[in-house]
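In what follows, structures are represented as structure tokens.
One chain, chain A, appears in both complexes that follow, with chain B as partner in the first and chain C in the second.
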Partner chain A sequence: MVGFTALYLAFFVGYPVVYNLIMSVQDVTLGNIRYLVRPFVGLDNYAKLIADPLFTMVLQNTLLFVIGNVALQFLGGLALALFFQQPFPGASFFRGLILAGWILPPLVIGAVWKWLLASDNGVINYALHSLGLTSGPIYWLSDPATSLIGVTMANVWFGVPFNMILLSAGLAGVPRDIYEAAALDGAGPVRRFFAITLPLLRPTIYALLALSTIYTMRAFDLIWTMTHGGPVDSSNIFPVWAYRLSFELFDFGGGAAVSTMMLVVVFIVALIYVRSVRAEQLS
Partner chain B sequence: MRKSLLVAVAAIVSGFYLFPVYWMYASALKVSDELNANPPTLIPHAPTLTAFRWIFERENVAQYLWNSLLLSSSVTVLTLLLATGAAYSLARVRSIWMDVMLIGVMLSQVLPPPLLVTPMFVIFRQIDLINTQLAVILATTTKTLPFAVVMLRTSFAQVPIDLEEAARVDGASRTLAFLRITLPLARVGYIVVGTLVFLLAYGEFVYPVSLLNKKALQPATVGLYGFVGADYSDWGNAMAFASVFVTPVIVIFMLLQRRIVSGLTAGALK
Partner chain C sequence: MRRNFLKGTAALGALAVLGGRWPAQAADAITMWHIFGAETEPGLKNIKRWNETQAQQIDQKFVPFGQLSQQLIKGIATGDVPDLITIDNPVVASFATQDALEDLSDLVRASRVIKADQYYAGSWGTTVWNGKQYAVPGEANTLALYYNADMFKAKGLDPDKPPRTWAELRHAAEVLTDKEKKVFGTAFCAIQSEEGTFQFLPFLQQSGANLKTLTSPDAVAALQLWTDFVTNGLASRDVLVKRQFEMTSSWLAGGSAMVISGPWELQRMKDVKFNWRVATLPRREGRDIEASALGGYVWGVPKGARNKEAAFKVIEFMSEPAQMQQAWSGGRLAPVKTLQVESPAMPEAYATFKKQMEVAKPRGPHPRWPEISAAMQTAIQEALTGRSPPDAALQKASRVINPILERTPMVGL
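After this line comes the complex of A and B, so read on.
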């Protein structure tokens, strides 16, 4: 019974991953896209990419984007999870409301945030201005200095509920009596958090950080809608670059090479995730 | 006292968080003068359905929505059919191969579509499936299938194996025991997984935008992208389109919220 699914996944997931690797060492153009045999170019595609001045910029953007998103989503999610863990009427209702943000298609989130961040009539610029924080409009998505911040805001908004709910599930698994015992021994709330909550949450946190890192690679939809990776590549990250190479410059070999490099990173992070989830199951 | 303070903070935090969703609906209901008014109006003064009428009459939004429905229903059916056998075996059979399979499934669950779309495009081009909805269905299923297997496996694992064994002692075959006993007991799992798979497929953008260039076949995500991808956008109409597109998602989510949440946390951590 497991056979059909294994075959499907092998053909439609395994094969593209392998095929991607093959294309990354070939010269693939619109002209030879239909053929199976294409000129072998060794590591030329990779060498060309690394020599490209864009490479450093995209690498820097990707690191900033991934670290910024993972950190902010985690901190926001942790703050909300701890807050909603307090017993008060309607806690689960309000927590449920916030979760709605996470079920929305990323494309819609990109569209709505592009409007919120619009420079002339955007409500965020209006709010900042009326609070006296800015003197003129900020050109969030059309200024290379702020575009990465703009897409990060939208993606953090999108990712916070996921972090919150996984951390809430983790917190619910911490036995109450440990806290009570620690409180009796005179440990304050801060001490209890660092001495009990964080260590016991560790497997959840590892799994969550690994998943969040991988999910930022999916921010493609958001970035594509909001900035297209621009202006002048200021919000271009690796998945966007891979897509542009293949579908705008028709350099499928280059696109495949970028994808392969990122897939290696995703695989490593995914192994960390699988390991921490399985460690949790065994414990 | 402390409790009412907490409730107040919770109301403010969730209100603040959900503001973008509110703003989408509010903007969709405004006339264009009001949309560009400075200062912006928090509540539409003269709510109108003009933008909604415009997108249905001029932009053929109904066609996009129909395509989305068609794609995501097909993906859901295909995914559940393919996932059932694998999830059941993974829940019941213990062997090293099942462990390998499970790790393979979990790894394929996390592969981002933007990194897979280049080889997918070339493969579908070679087998002449480019520009067909079948290509999008097959591609999107690669994203939903691993997820469904992992989650259905949890549902099957919760059905006590004794029940199946009792049925088999009474003479039922393994298949019959599965169909009569296990499947009905796992139906809640099916509803949750089916809903989530549907929602995932409904929001899918990368595969349809790359594999379909005929407007008549494209789903609403691609249509909406056409509205907002340009530098200048007609925000009233774009927000009306976005509202029409996501309202079903929000309604489904509210109806099944509790089950979706527990299902998804289990899917990510087990």
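After this line comes the complex of A and C, so read on.
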């Protein structure tokens, strides 16, 4: 069992990671990309990236995008999970329906949200205007100040169902009788939520936050469809930058270096997750 | 577009089922990756015609236009390249200098079908790097001004007199803009991708400037024109994120009175409810330089292809007049200037695009074109978003582009 797992990991996870790492310290061109032996350039690719004026901006965008998405997806998912936990007719049917968003490919979601967020005839601007909330159009995607918010809205919509379903599963695992006992002791719904629900959900929440951080870190298709990382790179995040470097600018070493940086972040998140789960089991 | 997407998805699904392998094929089949997605594509008809008459079959695979480079790079990296591929013309020099394409010089020189002097100089130029022939033009396209004749009439403009100068374009855009009805006077594409550069270059060239003189008042005037369209509300701000086909869709839906786009959109014009026309791009007054963009795919043979000679025979077949004739029916122009299409569909549009083609200028050729283009995209977007004034944005771009051009000069600049 151990041997098989190790082999699987080495081949399907280890190989690409190592390949990417090797590429990130080499001078890779189309002419030598098919061989593994290429000129070694040390950390030049990384140094070039960090010196690039885009670096700070893309890093900042990535952090905002990931934190915003993970937080909002979690809150939205939790709210929906708690809502659908209430017994009402059709609860499970509607919960299933909400999952539809998670089933759609990101390309389609990107295209639909691009229509919704269009500044001149988009539904969202129309709704805001009709409700008297805005006086003029909001240039969601075409204003550098809001483009990241625009793509975040779409990605949150995309990720909420996934969060909801994991949290629903977690909620289902909380024994009913604890709530009943707490209710008898006089604990109100708010108290019950913070004293029972949240602590018992903790393992689910850790896993969920780790997973959704990783999912968000690689959101590419959605942003590519909606803004191409623009305007002026205001919605450019690491995966988009890595794609542009490798496949548009043919800077394969640079693209690999960006991917490695992403990997480090994901690795740290995974490490925190494993640690916290272990701490949970010990306590 | 949707059909392309569906096809792509289906192909991906099939690929997954087959475990990443295409169905078993005759060992000597000529493998081809191409961009012919729609069923009406003349390219597909031509492939079929070849397969019906030749023993050695073409084994073809569709790759969406935007993914061509990516697919070819993946193929090169894994040693799984086709014998023949359609490549976007501005990246030929990049692939060629990085030793990813076969040198076709001898084959082209010996060819009886492919004659350099019969092609548009711009188109042909994109396939040559350092005196060697790395590809053969397969198609040419360019940009022109589509306009809604009904809207012209409604606003008191003469639909038979489309704007001929920048001033007339600006005036028409002002008159045609209708805030009540949510109609923008004009539209173009300034997205942060190659499409944005593609659309802006004609204006830069008409201004009298070029990529080496980005800090000149002429270059600034060109970018100022675009910037004014957006800041004065004559064009939607969404030009910054919408692709060319999306801007055209918006024009088709009545969102704008004019739009700059190419002949590939003519397919969609068949069911248009309003009267539409297409005119050559307006020129800058006092300069009278006619220019337009030069797009299109070229045929290339990737390094490592197993059937180079056979692949070249296919290129020759595709370059014969009988096959080239078909191009227009798919909204493409033949890159051969001597070719006459008899009784073309949409004859007025054909005449306009053909005329525009004669002044179309290539992007590059330059091995570092993608970097040059990226710097241009940033400049355009900085100016249109108001991040920096056009002159500052262009100065920044020239600080990136000039050193590149000093190291490796660009032919024709």
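Keep this in mind: the second predicted complex is superposed on the first by the 252 of 283 C-alpha atoms of A that agree within 3 Å, B and C clash if a C-alpha of one lies under 4 Å from a C-alpha of the other, contacts with A are read in each partner's own complex, and residues count from 1 in each chain.
Note that in this section contacts are C-beta pairs under 8 Å (C-beta built on N, C-alpha and C of every residue); 3 or more make two chains touch, one makes a residue touch a chain.
If you're wondering where the values come from, they're calculated on a predicted model, not measured in any experiment.
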Fit or clash - chain C, chain B, common chain A: clash
Touched chain A residues, chain B compared with chain C: B
Touched partner set for A:Ser147, first chain B, second chain C, both or neither: second
Touched partner set for A:Ile33, first chain B, second chain C, both or neither: both
Touching partner for A:Asn121 - first (chain B), second (chain C), both, neither: both
Partner chain(s) touched by A:Val17 [first = chain B, second = chain C, both, neither]: first
Partner chain(s) touched by A:His228 [first = chain B, second = chain C, both, neither]: both
Contacts of A:Ala100 with chain B and chain C, given as first, second, both or neither: first
Partner chain(s) touched by A:Tyr139 [first = chain B, second = chain C, both, neither]: second
Touching partner for A:Leu249 - first (chain B), second (chain C), both, neither: second
Clash with chain C, by chain B stretch, listed 9-17, 63-71, 171-179 or 261-269: 63-71
Overlap of the chain B and chain C footprints on chain A, listed as residue numbers: 33-34, 105, 107, 114, 118, 120-121, 142, 228, 246-247, 252
Touch list for chain C against partner chain A, complex: 5, 9, 69-70, 73, 76-79, 94-95, 98-100, 182, 184, 191-194, 236-242, 246, 255, 304, 370-371, 374, 377-378, 381-382, 384-385, 387
For the chain A and chain B complex, residues of the former touching the latter: 1-6, 8-9, 12-17, 19-20, 23, 28, 33-34, 36, 80, 83-84, 86, 88-91, 94, 96-101, 103-116, 118, 120-121, 123, 126, 130, 142, 157, 160, 165-166, 169, 204, 207, 211, 214, 217-218, 220-221, 224-225, 228, 239-240, 242-243, 246-247, 252, 255-256, 259, 262-263, 266-267, 269-271, 273-274, 277, 280-281
Chain C partner contacts - residues on chain A that touch it in the complex: 29-31, 33-34, 105, 107, 114, 118-121, 139, 141-144, 147, 226-233, 244, 246-250, 252
List of chain B residues in touch with chain A within their complex: 3, 6-7, 9-11, 13-14, 17-18, 20-21, 23-24, 27, 35-40, 82-86, 88-90, 98, 101, 103-108, 110-123, 125-126, 138-139, 141-142, 145-146, 149, 199, 202-203, 205-206, 210, 221, 224-225, 227-229, 231, 233, 235, 238-239, 242, 245-246, 249-250, 253-254, 257-258, 260-261, 264-265, 268-270
